[in-house]
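Got some structures for you, see below.
Across the two complexes that follow, chain A remains constant while its partner is chain B and subsequently chain C.
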Partner chain A sequence: MLTKLAGGKVYDPAHGQDGVVRDIFIRDGRIVDGPGGDTPDKVYDLSGRIVMAGAIDMHTHIGGGKVTIARTLLPEDHRGDPAVREGLMRGGCGHAAPSTLTTGYRYAEMGYTAGFEPAVLPINARQAHMEMADVPLLDVGGYVMLGSDDFFLRLLSSGADQRLINDYVAWTIRSSQCIGVKVVNPGGISAFKFNQRKLDLDEDHTYYGVTPRQILQSLARAVHELGVPHPLHVHGCNLGVPGNVDTTLNTIAGIEGLPMHLTHVQFHSYGTEGDRKFSSGAARIAEAVNANKNITVDVGQILFGATVTASGDSMRQHANAGHANPAKWVCMDIECDAGCGVVPFKYRDQNFVNALQWCIGLEVFLMVEDPWRVFLTTDHPNGAPFTSYPHLIKLLMDRSFRNDMLATINPDAAALSNLGALDREYSLYEIAIMTRAGAARLLGLSDRGHLGAGAGADITVYSPQDDVEKMFEAPDYVFKDGELVVDHGTIVNVVWGNVHTIRPEYDRSIEGRLKDYFDRYLTMHVDNFPISDWELEGDGRSKILIHPCRTGGRS
Partner chain B sequence: MSAVTFALKAALRQRLDVSPLIPEALAPLGPDQIGAIPLQYGNRTLAVDELFDFEVGQGDPGVIFRGGSEKLDYVGRGMTQGEIRVEGPAGAYVGLQMKGGRLSVTGSVGLFCAAEMRRGAILVEGDAGDWLGGALPGNRKGMAGGSVVVRGCAGARVGDHMRRGVILIEGDAGEYLGSRMVAGTIAVKGRVGAHPGYAMKRGTLLLFSAPGSVPPTFNDCGLHTLGFLPLLLRSFVGLGSSAFGICQRVQRYAGDLAANGKGEILIVQ
Partner chain C sequence: MSDQVSAEIRSNVPSPFCGIASDDLQIQVSGLSVRVVANGDAVTTPAFELPADALKPRVAGVECSLDEACARAAELISRSHGPVFSGFGTDVNDTRAALSLIDRCRGVFDQKRAEPSLRNLLVVADSGWMATTLGEVKNRADVLVVFGTDIEDGFPRFFERFVWNRETLFGQDPAAREVIYIGREPGGRAAYAPDGRAPWVLPCPPESWPDVAAALTALARGARLQANEIGGLAIGDLQKVVDRLKHASYSVVAWAAGQLDFPNADLTVQQLCQLVVVLNETTRSGVLPLGGQNGDKTAAQVCAWQTGYPTRVSFARGYPEFDPFLFGTDRLLASGEADLLVWVASLSTLPPPVTDVPTIVIARSGMRCEREPEVFIPVGTPGIDHAGHAYRCDSVVALPLYKLRESGLPSAQAVLQGIENALDAL
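Moving on, here comes the complex of A and B:
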């Protein structure tokens, strides 16, 4: 099967193509250089239209225990947003925490073809994968959560050799079939259970006697030395605490040049200036990111409306539980080895703090100079549901629209922000970097996020419109692995996405040690812990794609 | 202005959501428009005229369901004015989130009757299912105003999360009467099931027969002669129930002490 996409205006930052008019050929799900003498079976005339790779959401909570808890906690979110069975789409529901099928349909309708679940607890990884496997039309992958688990903290506090920690990290990535490592409130989730209600970067965990700084350094080193393409994915200390901008800057300095990805950095960019002791630290964060090439960030923009915050950070979620709206929340331990907090939330534009959060996120977007190192996320659903991405893109691309919105929010917050003075407008090329090429490069996905030969044919085609929100809401065509799946807003084919993983090498002797530990402390046998390939592929829907690790990383 | 009478063409095989058929929505519509209103029937959507014979008469805005059905769900959902009358049984969610007007059912109703109701009056001549005047699962606010009279018996969890308003049950009530109640009044003429007032914060349960046992988290406050009781009971007549009579001597229990403890169970002596 050979398909020709003829004459579209191609935005392919991975190959430096900024609006180049060219043909794209797809053979058997992959992009190829040319027709090779064959006549295309199908030709799409895309003259005048915009062609980009399928978008990649590199941080979106779409699977795992906390999403299920969020759904269970908020039946009104489902009652209030039913998605009726229509055409090929099965029924579903949910605005902030949509059902799996609806998640896949809505992503595809916006031209997204991949989403990565950033908080896969090792012990819950199987369930997270099962849930993600039920999301149609979307490639998925996960970052496995470490840093507050007992085995790792024991290793670290006993002064174990870094090589041992590397082996444990590699074993965990492989067992949980993940593509990266995330650390959430390093050590804090564990410290919470030892009655600590906050844990600063250099504060000792009362039991293990290690600090978040040590945890970050150790894990970042492990990820680097194992050659994992995606840098350590860090949800730092003190999320949402005014003044945490200093913590975040210290975190950047403390990583000592190792690659690190700071996630939902908006929630970590708060100062304490002004009458209300809450101000924007975005300028200082952006300055640090601009100066430190080892740092990447995604923003975690908030947008106004009702949503639910779901996080592994039980310490901070517990502290914020009083703000729950509606007034109900869940904070729980997971198998004595991790945590989880789910707090529903309404962001209001007339609320000073919420309005300033909105400004801070946009300031980060506009002040971080290199679009290859800042990513478009709302930390779905924590800042806003992913369905608000087109609106967010418009805020970035259209300065007058942004200033109109700025004029409607809480005036005190607007006055404290320098957002109005920022006249940067993102170009389509830069949006393509942020949501496609950059994200693929950051994750080490060599065959996604670009339109060169060999890439998986995940392609989105838009009609140019004056209103970019409308344009990004409803692409004309979306191709998933070469199959046309969305045609002018209608799902015309339901295919199933791939699971992106990596397989770092490690010394098998760690397994004996883990067996003893599992037998003594955990709820399952160590042999049942790793997720086998057939568990993901056995139903014939998902396919595992293994991406190579960098070589030479290991010391 | 019109009263519309609906009669089912055939017995329902699936549950039918009739929430669009409320007086204020039908008042401005002609017969063709009413006939074209889409209704959710099981997993299909059908037009009104596929399911009902109906006629538009003169008179105040109102809706009559002739015959009724146990599968007729969401009768009077969110209605704000006018009158709905079901001549027969109705299904679940009768008067859900009702904000005004009058609703009567000559037969029995299913689950969640009067759930999250705000204002207005509901009369059920038969029995009511569980969660009468309660909150939908996951929601924090049950019935918050208006009145409900049930001539027959009610199921479990009557007035769950109830905040205001009056529920009068002339027959028996099931378990967990007034569970998690925040305020309001529930009177039961017949017997009540186990655990009345479970986790109630405030509000009044007026019982005319002693429960099997008063929960241990309720404190016996002794016998009282309450001057307001005859006034309260007389007001019930105005709400459409004269089954309760007049009395003023009650045993008072305060609780649930596990949840604030400002509520009370009054047992008429």
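Moving on, here comes the complex of A and C:
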């Protein structure tokens, strides 16, 4: 099957193409250089239209225990957004914690073709994958959460050799079929189980006597030395705490040049200036990101409205549970492995703190200079549901719209922010970087996020519109691995995505140590812990894609 | 690994039946016979050893081919204006296939044991909770309060595996753990410490449990109660329980909702959850809702992620709707709103209710129905006849299940997909 996408205006930053008019050929699901003398079976005339790779959400909570806890917590939210069975789409629900099926349809309708679950607990990885397997039309992958699990903390506190830690990290990535490693409130989830209520960067964990700084350094080094393409994905200490901008800056300095990704950095960019002791630290964060090329960030923009925050950070979620709206929440300690906290939330534009959070996120977007190192996220659903991305893109691309919005929020917050003075407007090319090419590069997905030969043919086609929100809401065509799946807003084909993984090498002798640990302390046999390939691919829907590690990796 | 052992004894076999996902079973397989030779218990062993008798489907009591049975089931479903699917009792893939069919035919998804689950789920949806998991209990718990529940009755190996374990990660001596029973008394000696120390038992009649739970929460909040006793228990004793919990480093409050079998028991569960929320203001504590055996939890999990709601979901209007009262099978059958019952149970052996509406049973071979249904399709059991996945009670851990024998029985997933395909052909 040869398909020709003829004459579209191509935005492909991986190849430096900024609105280049050219043809794209797809053969058997992949982009090829040319027709090779064959006549295309199908031609789409895309003249005047905008062509980008399928969008990649590099941080979105779409699968795993806490997402289903959020679903169970919020029946009233589902009732407000029923998703009717229609055409090829099954019934479900939308808004803050949508059903898996509806998640897939709605991402595809917006031109997204991949989403990465950033908080896969090793012990809950099987559930995360089973849920993501039920998200149609989307490639998926996960970052496995380490740093509060007792096996790691015992290694670290006993002064174990870094090589042993590397082996454990590699074993965990492979067992959980993930593509990266995340750390959430380093050590803090464990410390909370010992009744510690806060854990600053250089504060000792009361039981293990190690600090978050040591945890970050050890994990970042492991990820780096294993050749994992995606830098350590860090949800730092003190999420949401006024003054945490200093913690975040210290975190950047403390990683000593190792690659590190700071996630939902908006929630970690708060100062303590002003009458209300809450201010924007965005300028200082952006300055540090601009100066430190080893650092990447995604923003975790908040947008006004009701949502639910679902996080592995049981310590901070418990501390914030009093803000739950509606007033109900779940926290969990989980299997000497991690934890979670699920707190519904309403961000209000007339609330000083919420309004300033909105400004801070946008300030970070506009002040980080390099679009290859800042990524478009709302930390779905924590800052806002992913369906608000087109609105967020408009805020970034349209300064007058942004300033109109700024004029409507809490005036004290608006006055404290320099947002109105920021002239920058993102270009389509820059949007394509942060939602496609940059995200793929950051994760090591060599065959996604671009439109060159060899890429999986995940492609989104838009008609230009004056209102970019409308444009990004409803692409004309979306192709997934070469199949047309969305045609002018209608799902015309339901395909199932790939699972992106890596398989770093490690010394198998760690397995003996793990077996002993599982036998003595945990509740399952170590052989039943790793997720086998049959579990992901057995029913013929998902396909595992293994990406190479940088060095020593097995491709 | 359990699926790679060549001898007829399989080791480290996970149990989808026990609710605590014991995965240390040794099982001997010989032809169709399955025998638990080590680490079984009163729940798990009979569930594994249930003989597979029926191997062929039946329509109106007459053996037929699988295609014929699926075609007849599809015919009944296509004629129905309100099919209710219940049982569940299933693993992940079986539930997925069922939800696909239910969505398509605008049916209702319910579970035989939805009522006990709802005693917990209603609390989550109303106020939430602060929960823990079995691994945390095993390593951290210093005080365990068991409310209104005889744990060993439903979970015979709970104490052996998670309370009287030999060692813990943090140097605590598990044998020193304190166990406090409130309401129901333990039926055996599983809750006795290894040195023979008995649990502290505060027995009181079920009708007093809501008040006792509320009193514990009030005392934890520092309230002074006017009453001197509740349900025959001295307030001083309840205060002692609360004091013990407040001084614990990591306490656990456990119950099995299936044993809190009285009207509005969710309100009692809610009080226990609030007790734990209050305790967490100063120390650490977690609730441990036990339950979810035989695929109950698994089916509810899949339903929650595919529809947004864990159980009692109707697709009648073309999208999922949740109502814990309206969409109960018994009510739908009694009111005449349901004109077809489809019973799906590949793990549980609880039979369908006897009803006048046509009944389709897709159930593990060996299930006995009180009345021969219009269609009976015996299916294999996940974890015995084919691979699969099942959750344990804390909703966190899903274990892989392995094929142990070659029975030729189809999976419920395959049967349900076959029925959906037959609907296409109509």
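In the analysis below, the second predicted complex is superposed on the first by the 551 of 555 C-alpha atoms of A that agree within 3 Å, B and C clash if a C-alpha of one lies under 4 Å from a C-alpha of the other, contacts with A are read in each partner's own complex, and residues count from 1 in each chain.
The rule is simple: a contact is a pair of C-beta atoms (placed from the backbone, for glycine too) under 8 Å apart; a residue touches a chain by one contact, two chains touch by 3 or more.
Since the model is a prediction, treat every value here as computed from it, not as a measurement.
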item: Which of chain B and chain C A:L73 touches, first, second, both or neither; value: both
item: Per-residue touch tally on chain A - higher for chain B or for chain C; value: C
item: First, second, both or neither for A:Y521, with chain B first and chain C second; value: second
item: Partner chain in contact with A:K328 - chain B first, chain C second, else both or neither; value: both
item: Partner chain in contact with A:R85 - chain B first, chain C second, else both or neither; value: both
item: Chain B versus chain C as contact partner of A:D57, first or second or both or neither; value: neither
item: Contacts of A:E109 with chain B and chain C, given as first, second, both or neither; value: neither
item: Common interface residues of chain A - those touching chain B in one complex and chain C in the other; value: 73-75, 79, 85, 91, 327-328
item: Residues on chain C engaged by chain A in the complex (per definition of touch); value: 1-2, 12, 14, 20-21, 23-24, 92-93, 96, 100, 103-104, 121, 124-136, 138-140, 161-162, 166-170, 249-250, 280, 283-284, 286, 301-302, 304-310, 315, 317-322, 387, 389, 391, 395-400
item: Chain A residues touching chain B - in the complex, by the definition given at the top; value: 73-76, 79, 85, 91, 326-328
item: Touch list for chain A against partner chain C, complex; value: 63, 65, 67-69, 71-75, 78-79, 82-86, 90-93, 97-101, 121, 123-124, 126-127, 130-131, 134, 150, 154, 192-195, 207, 318, 324, 327-337, 342, 520-525, 527-528, 531-532, 534-535, 538-539
item: Residue ranges of chain B touching chain A (in the complex, touch as defined); value: 43, 136-140
